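We just call them A, B, C, D, E and F in the order they show up, numbering each chain from 1.
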Amino acid sequence: MNAPAISRYPVPDIAALPEDIRARILDVQQKAGFIPNVFLTLAHRPAEFRAFFAYHDALMLRDSGLSKAEREMIVVATSGANRCPYCIIAHGAILRVYAKNTLVADQVAINYRNADISERQKAMLEFALKVATRSAEVVDADYAALRGHGFSDEDIWDIGAIAAFFALSNRMADLIDMRPNDEFYLLGRTPRTP
Amino acid sequence: MNAPAISRYPVPDIAALPEDIRARILDVQQKAGFIPNVFLTLAHRPAEFRAFFAYHDALMLRDSGLSKAEREMIVVATSGANRCPYCIIAHGAILRVYAKNTLVADQVAINYRNADISERQKAMLEFALKVATRSAEVVDADYAALRGHGFSDEDIWDIGAIAAFFALSNRMADLIDMRPNDEFYLLGRTPRTP
Amino acid sequence: MNAPAISRYPVPDIAALPEDIRARILDVQQKAGFIPNVFLTLAHRPAEFRAFFAYHDALMLRDSGLSKAEREMIVVATSGANRCPYCIIAHGAILRVYAKNTLVADQVAINYRNADISERQKAMLEFALKVATRSAEVVDADYAALRGHGFSDEDIWDIGAIAAFFALSNRMADLIDMRPNDEFYLLGRTPRTP
Amino acid sequence: MNAPAISRYPVPDIAALPEDIRARILDVQQKAGFIPNVFLTLAHRPAEFRAFFAYHDALMLRDSGLSKAEREMIVVATSGANRCPYCIIAHGAILRVYAKNTLVADQVAINYRNADISERQKAMLEFALKVATRSAEVVDADYAALRGHGFSDEDIWDIGAIAAFFALSNRMADLIDMRPNDEFYLLGRTPRTP
Amino acid sequence: MNAPAISRYPVPDIAALPEDIRARILDVQQKAGFIPNVFLTLAHRPAEFRAFFAYHDALMLRDSGLSKAEREMIVVATSGANRCPYCIIAHGAILRVYAKNTLVADQVAINYRNADISERQKAMLEFALKVATRSAEVVDADYAALRGHGFSDEDIWDIGAIAAFFALSNRMADLIDMRPNDEFYLLGRTPRTP
Amino acid sequence: MNAPAISRYPVPDIAALPEDIRARILDVQQKAGFIPNVFLTLAHRPAEFRAFFAYHDALMLRDSGLSKAEREMIVVATSGANRCPYCIIAHGAILRVYAKNTLVADQVAINYRNADISERQKAMLEFALKVATRSAEVVDADYAALRGHGFSDEDIWDIGAIAAFFALSNRMADLIDMRPNDEFYLLGRTPRTP
């Protein structure tokens, strides 16, 4: 049986990619043990690939008042609202790893209201979902509510900007029918032994 | 009276910005005669600024089967669905200029169905709005319909990716309450004389 | 090139119209410098024409606690929610003229929350939009909120009745594909010189 | 126990009303045996009262390709979609009387798809509900579909205009919390004996 | 003329039904004077019939802090939201009988906000409708609000469970196009004489 | 740390339960290796417990044209639409086991359109989701479409009735905040070795 397609578009041969893109892909392959399909499928358009990952890194790797796990919670919750298979499955795995928690990704993808997270994190996700689904209704009172949970204005930018970036990411994945790697489904589901 | 705020966040002093960002801003100022607020307000976060405009340029300046006016139609129609003041007002102006048409921007922002555009362009906007508002429902039949209007698969990527990028852009503008420059409201509303 | 149709239905010859309708049309033509298409297109049905404009005048010309500009804000905001081209474009022009403000019509049509209007006017539009889009949910607490902004019960009737009348007007315009006159797009966009 | 209020606004004393309005009210009282509350409550604003009933009569009493029962079906179905108590209860009664059918009003108010009506009437109500709830999406294909069921363009105007007028009527009733007369609930529920 | 079908599926012959089901049907026929179609149509699947009515009885016949009329209000209001003809018509009749009130069933089916019921009952129906239409959003604050109206936690289970059971019931009725008996339309509409 | 609550309501002591319910619970514990929380939490109301599981078994254990895996697909897809944590997590596990497929449950819970299932199964889930979310719109054409995929009318009843039963089940789980057992998250995620 043939492997299922991972995109509606041609997937480039890694060897034929521009050097910087190939390097990035080989680097992630080395760290993860496999190449997440988002790298292979978006490489179809090198200029967009570079901008996409530059944006991703600017938000997800920066120093922030949000932990890396919290940032992935935002990705998973908003991708859940958008019903995006790639982003829920892939970032669900990353969230499990970062949070060292085998349950939280599925919980947050389905319904943050009864997830095993703090009230502060629920407020964070409530706002992220508002940005994801009805950002025209964001008002000053939303900022006030988040400040009341101890978030700085820069934290609030992070929350909103991650929700905004994955609004893009979810739509690109849906557009090309990006398939999550099989590896992601199981990743982080068993507690690591020391 | 003070000028109204253009962002919920501090707007950087141009002189203090990194050289590449300052150069980009001065360049657009020279061409447009004023600095669109998206440049000033997003410069609050230089790394995100660079990725944002790299992405924008990759989509909006590339050789494409879509004209520049058609690409701006996608921006205006999807921003209209999202009710994003900055993107409707600013890109409405750009659309009027590119299309050399004083009516089309308002028409497309409100309801593409009765705009003065071709059936092919209506099909393009119908798909763009699907990507913007319910991308999980994109199926192969949508691709077939667009191919029936003469769009190539690369054109379809362009349509969908522009809708996806402005899903990000709309949400960022709403997040920070980005204010459209007053200049945009009138721009392109009177036919230019030779 | 033929002028585009202004209605899905036949547009009557002014000379053949009943005297009262012809007089009304010539009167508005003299004041505005052109005949707004709503007059020509609805004249297809004289009895409905008379009732429509009698209703319009009863609401829009009466002494009211709402200024004429505020009443047009209600028209533009609710027509914006309904995505009605004729009413947004035509009444947007009227709002610019009454408010002597070149920006407010587009702002209110897109998203009243960040328009340059008072908190009292935002409360007025929030209620108007509730009547326009989910009037079954109107409760006494809505009246109390508006009274808290200084609106009398007669003012509240005005707000709701204007929203209700343009619920009719928007649907009639959509039904017949009523086309806004080109003149409306530019009207009121440049400050008048004395 | 006091009788429940029939409006959030003062209900005028019939004796104090302008002559034409009083005459209309006494006329309907004589025919119906009671005064429907829409007459008493809207008389609070005589100019709007006159326009309202002039519009109503222009649509509901004119010669039309639609029977009077069919016109009331449109009222009941669209008022059902809007969940308007006064219009469902009062026009449901009128529909039962006109159609000489004790079941059809409740059927149409709830779900026209399984009402005891013809396929042509279902197409009529499908279009009326589109005008009532999402008129911006009305396109030429909707006209073609109705013509395929034998409706003339004037019939289609009637369908759409009735849906549009009751969009106004429903919102006015909700605005003032117009109470249906108790008499309407039972009216037309028992087959008349000759 | 043939009687209209009461189900999309075959309706079993009562004589051929299992003894317990036939006994139940004959019992209800004796009490009501006719056989409600829910019994005849669901008997097509005896095992599901038994579970359905066992569930129904467990909720609707148990000792509860809610009166029988209040339980039927929940049925009618949530069935109204789901636009289910059988359940609105049949349980509307039962509500009229239990409440000895000829108006309340139509009021609650259309819009509980302006029904002639207590504030406590409006809070009950608001919660029931939340369970019926967006149960994922039920949070502890909803419980607190109901406790503030004097409902015990067991009462809240009753409210939610009845809404949940009729979520099933409405969907089964729609699935098979279950037709309400003509008798239900008039039942309870005239005050009984002693 | 205490174990998190599995219900908003008291969870009965197994020893104190009626004999038939205790037997059922011990039986499932023996088979599954743990007691799914739906058994413990619903046992708070024995009569409803019995009806719930009788209904469940009537639908899920009967001879059917649908395989057991297909029936669980319906549960998972409709519970996904309703965002019900318990039903998605628990029945996702059961689906993985029945389908001997480690990916399909997450796929179907998120978006059946790009799941690794047949076109026939996609048609089945499209109908199940219609019953789950807007059953008032089910029409004869839906039956025709399913028959075109080879489903019998009894199969269609099964599809719709399972969607209907889990409309109840999802709402009950949300009402009491039923917590999925931790065991379900990992169950069926690794291919069994013989």
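We take it that a residue touches a chain if its C-beta (ideal position, glycine included) is under 8 Å from a C-beta of that chain, and two chains touch if they have at least 3 such contacts.
It should be emphasised that the depicted structure is a prediction, and the values quoted were computed from it without experimental measurement.
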Steps in the shortest chain-to-chain touch route ending at chain E and beginning at chain B: 2
Chain D and chain C - chains in contact with each: B, E
Interface composition of copies chain B and chain C: same or different, split at half: same
Rotational angle, Cα trace of chain B fitted to chain F, multiple of 5°: 120
Which listed pair, B-F, C-D or B-C, duplicates the contacts of A-F in over half of its pairs: B-C
Distance between chain centroids, defined by C-alpha means - chain A, chain C (Å): 44
Computed distance of Cα centres, chain B from chain A, in Å: 24
Rounded Å distance, chain C centre to chain F centre (Cα mean): 52
Touching two or more other chains - residues of chain B: 83-84, 111, 136, 177
Chains touching one another, given as label pairs in label order: A-B, A-C, A-E, A-F, B-C, B-D, B-F, C-D, C-E, D-E, D-F, E-F
Chain F residues within the chain A interface of the complex: 4, 80, 83-85, 88-89, 102-103, 106-107, 110-111, 114, 116, 177, 179, 182, 185-186, 189-190
Residues of chain D that touch chain B when the two form their complex: 136-137, 139
Of all residues in chain B, those that touch chain A in their complex: 8-9, 44-45, 47-48, 50-52, 54-55, 57-59, 62, 82-84, 131-132, 135-136, 138, 140, 143, 153, 157, 160-161, 163-165, 167-172, 174-177
Complex interface listing, chain A residues touching chain E: 111, 113
